[in-house]
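Each chain carries a letter (A, B, C and D) given by its place in the written order, and its residues are counted from 1.
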Amino acid sequence: MTVSSGQTYLAIPGPSVIPEEVLRSMHRAAPNIYEGELIEITESLIPDLNYVARSSGYVAMYIANGHGIWEAALSNAVSAGDHILVLATGRFAHGWAEMARKMGVSVDILDFGKNRAVDVQVLNEKLNSEPKSKYKAILMTHVDTATSVKNDIASVRKKLDEFESSALLAVDCIASLACDRFEMDDWGVDIMVAACQKGLMVPPGIGFVFFNNRAKERQKSLTSVSSYWDWEPRINPKFYYEYFCGTAPTHHIYGLRTALDMIKKEEIENTWKRHEILSQAIWAAIDKWSLDGDMSLNVKDPIERSHAVTSIRLGGKNGTKLRQWLQTKSGLTIGIGLGMSEAGDPNGDGFVRFGHMGHVNAQMIMALLGTVETGLNAIGYKHGSGGLEAAGKVLSSI
Amino acid sequence: MTVSSGQTYLAIPGPSVIPEEVLRSMHRAAPNIYEGELIEITESLIPDLNYVARSSGYVAMYIANGHGIWEAALSNAVSAGDHILVLATGRFAHGWAEMARKMGVSVDILDFGKNRAVDVQVLNEKLNSEPKSKYKAILMTHVDTATSVKNDIASVRKKLDEFESSALLAVDCIASLACDRFEMDDWGVDIMVAACQKGLMVPPGIGFVFFNNRAKERQKSLTSVSSYWDWEPRINPKFYYEYFCGTAPTHHIYGLRTALDMIKKEEIENTWKRHEILSQAIWAAIDKWSLDGDMSLNVKDPIERSHAVTSIRLGGKNGTKLRQWLQTKSGLTIGIGLGMSEAGDPNGDGFVRFGHMGHVNAQMIMALLGTVETGLNAIGYKHGSGGLEAAGKVLSSI
Amino acid sequence: MTVSSGQTYLAIPGPSVIPEEVLRSMHRAAPNIYEGELIEITESLIPDLNYVARSSGYVAMYIANGHGIWEAALSNAVSAGDHILVLATGRFAHGWAEMARKMGVSVDILDFGKNRAVDVQVLNEKLNSEPKSKYKAILMTHVDTATSVKNDIASVRKKLDEFESSALLAVDCIASLACDRFEMDDWGVDIMVAACQKGLMVPPGIGFVFFNNRAKERQKSLTSVSSYWDWEPRINPKFYYEYFCGTAPTHHIYGLRTALDMIKKEEIENTWKRHEILSQAIWAAIDKWSLDGDMSLNVKDPIERSHAVTSIRLGGKNGTKLRQWLQTKSGLTIGIGLGMSEAGDPNGDGFVRFGHMGHVNAQMIMALLGTVETGLNAIGYKHGSGGLEAAGKVLSSI
Amino acid sequence: MTVSSGQTYLAIPGPSVIPEEVLRSMHRAAPNIYEGELIEITESLIPDLNYVARSSGYVAMYIANGHGIWEAALSNAVSAGDHILVLATGRFAHGWAEMARKMGVSVDILDFGKNRAVDVQVLNEKLNSEPKSKYKAILMTHVDTATSVKNDIASVRKKLDEFESSALLAVDCIASLACDRFEMDDWGVDIMVAACQKGLMVPPGIGFVFFNNRAKERQKSLTSVSSYWDWEPRINPKFYYEYFCGTAPTHHIYGLRTALDMIKKEEIENTWKRHEILSQAIWAAIDKWSLDGDMSLNVKDPIERSHAVTSIRLGGKNGTKLRQWLQTKSGLTIGIGLGMSEAGDPNGDGFVRFGHMGHVNAQMIMALLGTVETGLNAIGYKHGSGGLEAAGKVLSSI
């Protein structure tokens, strides 16, 4: 017997829940790509993307997923033979590093493990130990989608400034943009990458490289940038097709326009605040569940936790069992543990993740937590009590 | 501050949550109404509607809402001057009665109040006290959408049979069809009315009169039936347009086709079972909440409770306050108390209703209950604890 | 071999082509029916429906198709035993008359045949020959969807006024509203019926009775009006559910809101003008085709032709063959001849109809005409040449 | 005055008209990307893409537009320093060549102008004059979207074989796939690139590199391939995310699945035949129009004409005027002349293009031609008569 026939709820850390307004705006006949509405809408995206990123710089839009955007950013920032430093707090920083290596870039990694943020003191030591102008770029994630660790970007910039480093600071905000506070200008970020299918609430298919004048100047010194990744024509198109180096992603443009309208209407500060409160409710529940049995939030320090994704350690290694019960019995899908596998857990059963990014509100979080607790009971996973009340208490006080 | 930006959840007792499959199938160009696919699909609805109603009889389809269907049923069953008996267990039976009165029918009502089912002993007495062939029809609801009382239809039929009554037994299943077990043939129901926007999961706009040969014969004895309500051409159309007495509701036909496919895939016995389990989870929570403060399920006897809608008494008369907190803060909409107003409660603040009909599963019920408990706390409504755990316990045992 | 895989074009006289904006607005989760947006949108429809009908009176909205609306109008205007006069210019007036008869109304018909408009001189004679206050109502179509005859409503009113008739003038604008100029107030129409699936561009499912104070007063004198058809609560609802006597047609309300926005944006005078020009293009083509073989516009006098539908006589009785070639080979669907059958043509093969109502523009009319001419050639139907050029000439001069 | 309110028709050479079935299948909640339906559907695309391309080789899918796919193909086939030969019959071959140059590849171009196909005799001379193993790859378009020239791919392969060339033959089928007959295996094509928004009828956003074992082997000899463009993991994924190097384009996958189902249902040979017949109708009309004034098909030899796009020379240089009349007055959008500008025509007014790819049928072609002729008349562009009859004659003979 299952009681899953009903609305399904996808609570994975991206793709996220798509608002019906966004899907509706994408359900349309193909538009003219030479003149008219589409052109105006495309132009209108740039200031609003900057509004979301707190940036006054440039935005190059690409038809690509997050991995494509990583390659786009690297292609405009470094060349084969350059050295970069990667500050790793989870799988995704390593993935970006690997991509750079495949381009012939020489990569140093400072690995901070899987459950804590970048330690600027360690960065300090590293910078001390290397030639001043060794690194062309410092790569890091704002939030790692696998570990759910969030980093303090401003502190890294401050440290780079202390060393008068000329390295570009490149930040991956794929999981965090429009969820966690991010201040591109104020935090001194030179390059930021993002995609549409998380906090921006659009089906996967487009992504963005945000950058400032410093990064723009640096790009000019590169020997070559491939046509598709070259950001220059995209930010300064003489013809409409240059925005996307060829045919524009017509329907995604409509979807993104609608999503940005929703964010502007809520106002980005409120969007961040909403994600913060919902996260606190999630943490409150898990903290209670953690009081008995073997379960815990992956990230100990609240200040180092993402407001968009939460990685949870299940000491009992029953992640798959839990996920499958939820999926087949209740209509809820939660995320697999990713990049967390350890000795004795080849299938990553020791972790699950909750996605709570973008189009998410109080009733969804209560659905998530209430159903997960039900699932824990169903599979007989020992846990503390009072989780739902604790979450509700957070939400009832807003 | 609100945390309501996200998926909204409409948990009112109809219109119910519409599956995306249904909405998708309704998003189409206008079809040809003279020949082709639409005609075949329309024909295919009849056996599947009968499958859902456990009927081997006739189905007349109408472009109308539930009230229209009430009028359709009455128009084919009784004439001005006829006597009928209405067994009332809530507002909707009274509404149907009032409609009959406006047609010139003489109506007797047995009113069983607002929180208990029809008592066949009382019916027994009534039938004893009236001339044997007085009533042309007995009207009753299977489930009253306002009180959430469910009646035992088979027992009423048994009683009518004891009296060898020739009255047609007409049952309103608007709130219950495809949610609560209903056995048209086995229970000896002559006429049954239903609409599409509850258990059938389609936007409001069409409704159905199910009837058997006995009702069909009776209709022939009526002086006149208006063209629009006359069920005869609709069940035996010589031309396609007679199915709906004029233009067919093209898009609803596609939507209903999809909804019936979903029910057939789940199988109606499973659909009923799903509603039963989810209802038990809801009752378990409310029973716990009722242990402190002044709150209770409107219907005391579980056997008399609907599996599609639950009416809840809030002694503290804070229904509006609760609903508004949920709507504005969390994204959840619950139903107003309807037809329950008493002295001292002109706004019906003493009741709220949960709709849990049709496209509803475990994660939605946990959302409903978790968010309502949060709302109760937010507005400071005193209630017992442990409700969510109790609900979860029901769901985790499936 | 067919070349029909592609966009299909439904050029029947209703349901008409639905704009993607309308379909999009109907693709949404079920809304709250107690408060919020839906209530405001519903209220907003009334003034805009009046704008389209050039009326300052009342509008009762119903979940029903055109036949239902006929019954609604009759139910509020006449009682069994009353006499009415029907001015018939095609099948639909006869259908409305038949419906009245089934209600017990005594019906006189002035039949003007199938290809010309009401002759007021004949009406004059009829009124002369009958007692002055015999008729409670005069029924007529503005445009008959079968014959495509359009009547001069104002001249009928003028005649009634000459006789100081107290009869209500009730007009069926189902096929013409928002296509042909209609002036409810100026032309002295008391009751007007319309539905949503023609000029209003919404899938079938709702309809409207427009009426003025005179009709409103008259209704009060009726012995009874059935609950569902009674227009009074619908125009003066104390509760939202009274707008539609029960559950509102939620999705149609959104669709109609969007359609009315489109008409308002174009402005109704322009909408009429557009239909006029497109009709002239159609007539120009058919006039050319009629120069050889046996084919002609059903209505000879251009002033008596609808701008929404065109009925065409095919002397060669090849209507079915033509329609089927078009449907299977080209993707175009045209209307069957309706109510035109004569001796020797039991299948109505002697007529076809073009629908050109609502969401229709120059490129669609050229598709219609170009494809029909192709079809005529394909089935070997003899016809004059130069039709497409003639149509194009009309359209190129705008 | 305009008569454009109605269905718009986008007859540009891509993005093409999207079937409602495709749009509908893309209107859905975000699916799980870890397991379930999406994974199965993704796998199912490969054999069906091969079916469309008549290939038994590999297909790497990318989130990218046509330009991205060009870069993907080049990245897997050549390295900086390699020599390639480009056979140019329009703007797009030059564009691909330019992209190769930006990668550091040394490019020779054989330019065959803008209105004729590749001349294998010229290729013969070129191959004779160069070292035998100079070229790593030969690049060409099957159909150039700008000029509408179609090339005989098999004859090029034959020539290469005569020279025992080891060059990979890479063909751009972006404009032609699923429109013009293409035989990947039989014609000896090593690499073929395509995108989804033309004959495949899906909104822009994904593209494909088809390749055979020869190309697969060659790729292994390259020094490096960037992570995003590397086709190897995409055709042989160990994890689902490797199909698209990161997050999959969830909604495009559903759209493409539906589009491929439509093509399979029609059968690819019929799809090609349909495009052929519709093209012949278009040519017939333009040939008639060309009999007076100064207008002509860009490609003289029918065998060298695309069945998906038709480029038309307007000696009178009124392209913009014509396009604007059509767009604003009739609801039809045709394509701009692209890459055809000559001295004295800086705005490309001397050419327009008709797109007739994918979801296109007889009624659409008659709309296109009928409306264009109307537009020619409206702007006073002199042309021969009888065009529509000529087109209709082609279509009526199917």
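The working rule: a residue touches a chain if its C-beta (ideal position, glycine included) is under 8 Å from a C-beta of that chain, and two chains touch if they have at least 3 such contacts.
Bear in mind the structure is a predicted one, so any value in this text is a computation, not a measurement.
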item	value
Shared interface partners, meaning chains that touch chain B and chain D	A, C
Angle, in degrees to the nearest 5, of the Cα rotation that carries chain A onto chain D	180
Centre-of-Cα separation between chain C and chain B, whole angstrom	35
Chain C and chain D, separation of their C-alpha mean positions in angstrom	45
For chain A paired with chain C, centre-to-centre distance based on mean C-alpha positions, whole Å	55
Per-residue multi-chain contacts in chain B, two or more chains	8, 17, 23-24, 27-29
Arrangement of touching chains [line / ring / star / complete / other]	complete
Touching residues (chain side chain B, partner chain A) in the complex	1-9, 17, 19, 27, 262, 266, 270-271, 273-274, 277-278, 326, 329-332, 359-364, 366-371, 373-375, 377-378, 385, 388-389, 391-393, 395-398
Interface residues, chain C side, partner chain B - complex	8, 10, 12, 14-18, 23-24, 26-34, 36, 63-68, 70-71, 75, 98-99, 102-104, 195, 197, 203-206, 224-228, 230, 244-252, 327, 333, 335-336
Contacting residues of chain C [partner chain A, same complex]	20, 23-25, 27-29
